Amino acid sequence: MARSENEVTRRRFLRSIGQGIVAANLGGLPVGESAVPRLVVSDAPGKKLGWAIVALGSLSINQILPAFAKCEKSKMVAFVSGHPDKANRLAARYGVNPKNIYNYQNYDSIRDNPEVDIIYVVLPNGMHAEYTIRGLQAGKHVLCEKPMARTPAECQKMIDAARNADRKLMIAYRCRYEPYNREAIRIARSGELGKLKVILADNGFNIGDPSQWRLNKELAGGGCLMDIGIYALQAARYLSGEEPTELDAFSYSTPDDPRFKQVEETINFQLRFPSGVLANCTSSYGYAGQSHYRVVGSDGWLEMDPATVYDGLRMRVHRGNVFEERQLPVRDHFALEMDHMSECVIANKEPLTPGEEGLRDLRIMMAIYEAASTGRTEVLAQSKLTGHLPTLLSNASRRPS
Amino acid sequence: MARSENEVTRRRFLRSIGQGIVAANLGGLPVGESAVPRLVVSDAPGKKLGWAIVALGSLSINQILPAFAKCEKSKMVAFVSGHPDKANRLAARYGVNPKNIYNYQNYDSIRDNPEVDIIYVVLPNGMHAEYTIRGLQAGKHVLCEKPMARTPAECQKMIDAARNADRKLMIAYRCRYEPYNREAIRIARSGELGKLKVILADNGFNIGDPSQWRLNKELAGGGCLMDIGIYALQAARYLSGEEPTELDAFSYSTPDDPRFKQVEETINFQLRFPSGVLANCTSSYGYAGQSHYRVVGSDGWLEMDPATVYDGLRMRVHRGNVFEERQLPVRDHFALEMDHMSECVIANKEPLTPGEEGLRDLRIMMAIYEAASTGRTEVLAQSKLTGHLPTLLSNASRRPS
Amino acid sequence: MARSENEVTRRRFLRSIGQGIVAANLGGLPVGESAVPRLVVSDAPGKKLGWAIVALGSLSINQILPAFAKCEKSKMVAFVSGHPDKANRLAARYGVNPKNIYNYQNYDSIRDNPEVDIIYVVLPNGMHAEYTIRGLQAGKHVLCEKPMARTPAECQKMIDAARNADRKLMIAYRCRYEPYNREAIRIARSGELGKLKVILADNGFNIGDPSQWRLNKELAGGGCLMDIGIYALQAARYLSGEEPTELDAFSYSTPDDPRFKQVEETINFQLRFPSGVLANCTSSYGYAGQSHYRVVGSDGWLEMDPATVYDGLRMRVHRGNVFEERQLPVRDHFALEMDHMSECVIANKEPLTPGEEGLRDLRIMMAIYEAASTGRTEVLAQSKLTGHLPTLLSNASRRPS
Amino acid sequence: MARSENEVTRRRFLRSIGQGIVAANLGGLPVGESAVPRLVVSDAPGKKLGWAIVALGSLSINQILPAFAKCEKSKMVAFVSGHPDKANRLAARYGVNPKNIYNYQNYDSIRDNPEVDIIYVVLPNGMHAEYTIRGLQAGKHVLCEKPMARTPAECQKMIDAARNADRKLMIAYRCRYEPYNREAIRIARSGELGKLKVILADNGFNIGDPSQWRLNKELAGGGCLMDIGIYALQAARYLSGEEPTELDAFSYSTPDDPRFKQVEETINFQLRFPSGVLANCTSSYGYAGQSHYRVVGSDGWLEMDPATVYDGLRMRVHRGNVFEERQLPVRDHFALEMDHMSECVIANKEPLTPGEEGLRDLRIMMAIYEAASTGRTEVLAQSKLTGHLPTLLSNASRRPS
């Protein structure tokens, strides 16, 4: 029988940070800041909700489909795809019933399939609004990839559709559900670093094929900011726990680079938060891969590098003359995210990252584009960010992470 | 749609080290030294062999069962367990047909189940021989956890049983199938570090519950050496590509520690290899977790730290004034190992780590125990290690890793 | 005899990066980008110029005075201090002739001391201009600590005084003379990282005693930007090799913090360079110590962390899946800086960091303060930065680092 | 005025570990385990003893001579050299009076030079005994480089000569005086790592010129073990605080390598200590530079890598899921060592590493050579190690590090 070297370490980990651990099942409900989900795979079957995956691109194939083996409350029961051959091969591989394969034409008939509880929209950004709204109107709950849509107006329509259908709408902000970023949030807000002063966040990579949808304004809604810079923006917001009040930005696109005819290459932005925290962020489709942030307080700093990739995250905490690398258990980000959604449906709870959270990011990103084009500091009205909606405001006020 | 930041990196990785990449499917056949398996999950269903898992302890539950979702050529179809409730819950969770659940009494009737091609023996060491032999006699191929058994004699019986049944027997030396250790072997033998001089290898952890089977001589066969020191011994052998000719050893067990009444706490050993390479190894059930090796050549060294845990492996290479961390794609060790076994059955090939490889380690470990007890250097006859078996010798002579 | 493990490493280092090494003496003349100074202390006495140190604070006592033991072309022969007891004790310790101790009243009489060739002004910023000009008027060459002065106007007077006295004026930009930052410049401009896209630079610490001169506007000229942010600004300029054309900034000071009554606590700024490089910089007197930069190109990035402290600098270079730490020989930054000044005097050469370089930083820092107060992007006229002086322009055009 | 970013960090460091800090001057008297010497250079002149340096090779030129600028209690006043030109150039450079330059013929006349209090013997190993004894007989105190001599018999003669002359004799075990190794000792013995179990220590480099004295048996006394392995042996002894009772060893020299005609290339050895701690050590003149140790306890481990080079030492401490890098102030090892010797002379105290400590290492190294040649475990009599000398025993019993 093979050794279980990790077990020992894991048990010690649980002892050391486990004060807040409740009897969470895999998937991590409740996702309160103090709860780090259990580390071991339960042998309990429990109730599992049925999921349909909309679009079978590389993210679905490489990350989402295999993640279901690690889920406690979620099972994959249907595909929506424009490529029937691929869908059938994957159905055979994962034991999905071939009768549960839909295409974009008959997608709405999913309403008649009682096996499907939740739809995961993994389409290009420009199709998020349509397929989310059609899914909600089909009576299903929807998890939609980030960015939520191309514009605040699209976001608002999606939120309205969820309310009208009385269904849950969650945005797939994966990092909010995995242990490292959750622990970073806990540390940043715990006072361990002293009073927070500055947040640095950088995200980008050197994008390839000029013909891909990410470089098409209609399909992507924008460039690196929408796709990647959103991670830096999220980090600044969830680490500080605040909404920005002012920002400015510089952008640059290499002339004659065929990739950046429609969308920006690089965009840097600065944010001011009410408590005085300042954030400095960069994002680029033109630089070597970075996925990095550092939150600096009066007494120490915490660094994640890489911060937001699917695996291999690393955390360093610096105080005085000590630099600590803190290792957390390896977890599947997608399994945690999907089980959170399932749990919210089962328990009729609001997701940690509802549609309103996606709308907030879209509003700020629009202001960043404005600042980059005008050279003026943009002043953000809080009312604009939170949308004057009482339910949103109360949601914002209790926003735990 | 979520970003795919890893994809870019992964593609670059493939470009940079991909010279030796053939059209390997997931699971990594062929497991030649130069082939690093493909990184993406194929959407091809292909032929999958059926596996039965014998014993549903923590290794099975946390590692092996979820790993099947990443397999290309292996599917889980049966359980053998003494706990029917647990087996049924896990069967429900993973979609295993309840009629394919066996216990230790009716285990032999698995011969009548055509869905089962391969049996994975995950029992305590002292039960490896019996359940491997019964499995082989039931006409199934067997993958057996390490250490292969408690004694060379048990190993020989298992090898004989496989030959008599004309079935494959493979030992689950997981590290031989995952990318980091395979790349370490490639580098060590490539000359990149100059001529190899010294190998340092350390493995151990501070074991807990005194009543566990690992501390029971009858069930475990020995102490830390059998369970953990075997990783250090393997590393010395696979990094050098040689068999040791001399060794000496020191062992120590804390008096009155209730954990070490039957088996040793710590054992350190030195090995001499024919080329002049010397290895210095430690193993302990009493020290803080280490899983580490360093191979030092005339021109540089390579370090793995951790070296053999299930995830989070790290490789550093030092030459001159440069210390490189080289990152490889994250892969599931168990999926790779199991798919190698399936592939060997499909293609009727000898596994990279057959029963004879397990026997070699047992013979050396017996000599280590002897040296620790006598204070004399043990001289290892090559004939003893390879067993004078023509088939083994030829296997050893072509042993690529 | 003690081992010389370092020697081996150092020799290998010289072989590996030594293509550009000329027969440089300690102190590193010539300071061309490709020359990494020799690593060993010469046994040649050579000609040494005499130095007077103006002000015996902690920087002088802990760094500058001991550094002379590592100098090839510089010897310490005089002190200027307001504390005769301290000056006498230090003179006894370092073998400085007590008759060469001056105070701020009789400072000008240093003109009559032929042993003194060069004056090193280590006073608070607000006294730089006066003591530099008096030193130049006494016929001595002057090395002045950074920032050069409080305002561009003061800088201009210092430059004029040097021209009128026909003496050298150099600003103590220490990092331009030590191996790590010089190697970072070489790498950044070599194309090894691809085309440069973004520079991140952060410098600051949590300042203590509210009564210190650094927090006094009259003595310091400004807050963290002048003292610490100047390192980030320098890094952005010397890594890109360009002058910024646009900038914006946010600043913040904690209300009621007694330290920040006169000067700013934190200032973040963004720069745009002509080639399209964007820089994102932070500086603070209120956050935990950071001394860090990262230069990101299309193909890789280079990080220095810490980047600008006196010892223990570390460089990491990332490309593809490899993260390299590159170690360089440990050198005394102050010895290198002072020997460069001595060499420029001996050979009648312009220093790498003349007064005009200090003036450029002051002009940009004034624009950063302006942007922070107005919320508008500042457009920097190149003519303003370089001062319309033909000699400066030609200097800028050939500025190698 | 330049920033003082380090000051803040240094003060925090003092606060955090400063409990044991007495009013130590630079040089670190008293060298009790709990005292980490002050970090700043005092401005107090104090009494300085005069030192003569015997032999002006690379260690003297690159390390020892410049180190005097950092000494509080030691000044360089004389040279002994066979190269008068070199001695005169260095005398001019460092202000040594040319009349204080001796050669190996008139060395004994140093007895008539009242400026010289202490002699530092930096000759090849085979000359240590003669020049130490002549120095002691000339009435001077002697600091002798390691290894103390070629044989225990030579060591004993040196100890006897010191006793007869009533002068101090100290061996230059540099690492015992610098902050990192002293902190490692403190941590190892503090219980922070739990109960100590295993020590791993490795030291070596790939030696160059076959004609150098280190490869000459007559001048060096032995090969890598004497020169470099002694660091690993020291580490095992000072980290455990014990003397070994048993050992075994393997050695190897590449046939036909011209460097290893007289002395060994590689030697690995295992030690057993009375408390049950086991050490595994390697040493080589044939492998890429390593200077490394790890001390592993039941609850954590501490690693130094590099462990014993002149600068750039790094310490990592692992417990649970946290890996800490702990940074200490950069200090000059030679200045600390020399000031300790001066302090012992001034205060008439026994050095921390007297001649008897050197003798202990020689006795153990002889046993290592014996074990390597016989293949038998050597049993070390404690009486042999400590020499049955009451003064030594009492010294050993209070041996703090």
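Just so it is clear, A, B, C and D label the chains in written order, and each chain counts residues from 1 on its own.
Throughout what follows, a contact is a pair of C-beta atoms (placed from the backbone, for glycine too) under 8 Å apart; a residue touches a chain by one contact, two chains touch by 3 or more.
Not measured: the values here are computed from a predicted model.
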{"item": "Taking each chain's C-alpha mean as its centre, the one farthest from chain C", "value": "B"}
{"item": "Result of counting contacting C-beta pairs for B-C and B-D, higher pair", "value": "B-D"}
{"item": "Centre-of-Cα separation between chain B and chain A, whole angstrom", "value": "37"}
{"item": "Geometric centre distance via CA averages, chain D-chain B, whole Å", "value": "43"}
{"item": "Chain centre separation in whole Å, for chain C relative to chain B (CA means)", "value": "55"}
{"item": "Junction residues of chain A, two or more chains touched", "value": "9, 206, 327"}
{"item": "Chain A contact footprint on chain B (complex, rising order)", "value": "1-9, 11, 40-41, 43-45, 55-59, 61-63, 65-66, 68-70, 86, 89-90, 92-95, 122-125, 145-146, 172, 174, 205-208, 213, 227-228, 289, 291, 308-312, 327, 330"}
{"item": "Partner chain A, residues of chain D touching it in the complex", "value": "9, 12-13, 16, 320-328"}
{"item": "Residue ranges of chain B touching chain D (in the complex, touch as defined)", "value": "193-195, 197-198, 200, 202, 206, 246, 248, 250, 252, 254, 266, 268, 270, 272, 276, 278, 280-282, 284, 286-288, 290, 294, 296-301, 318-319, 375-377"}
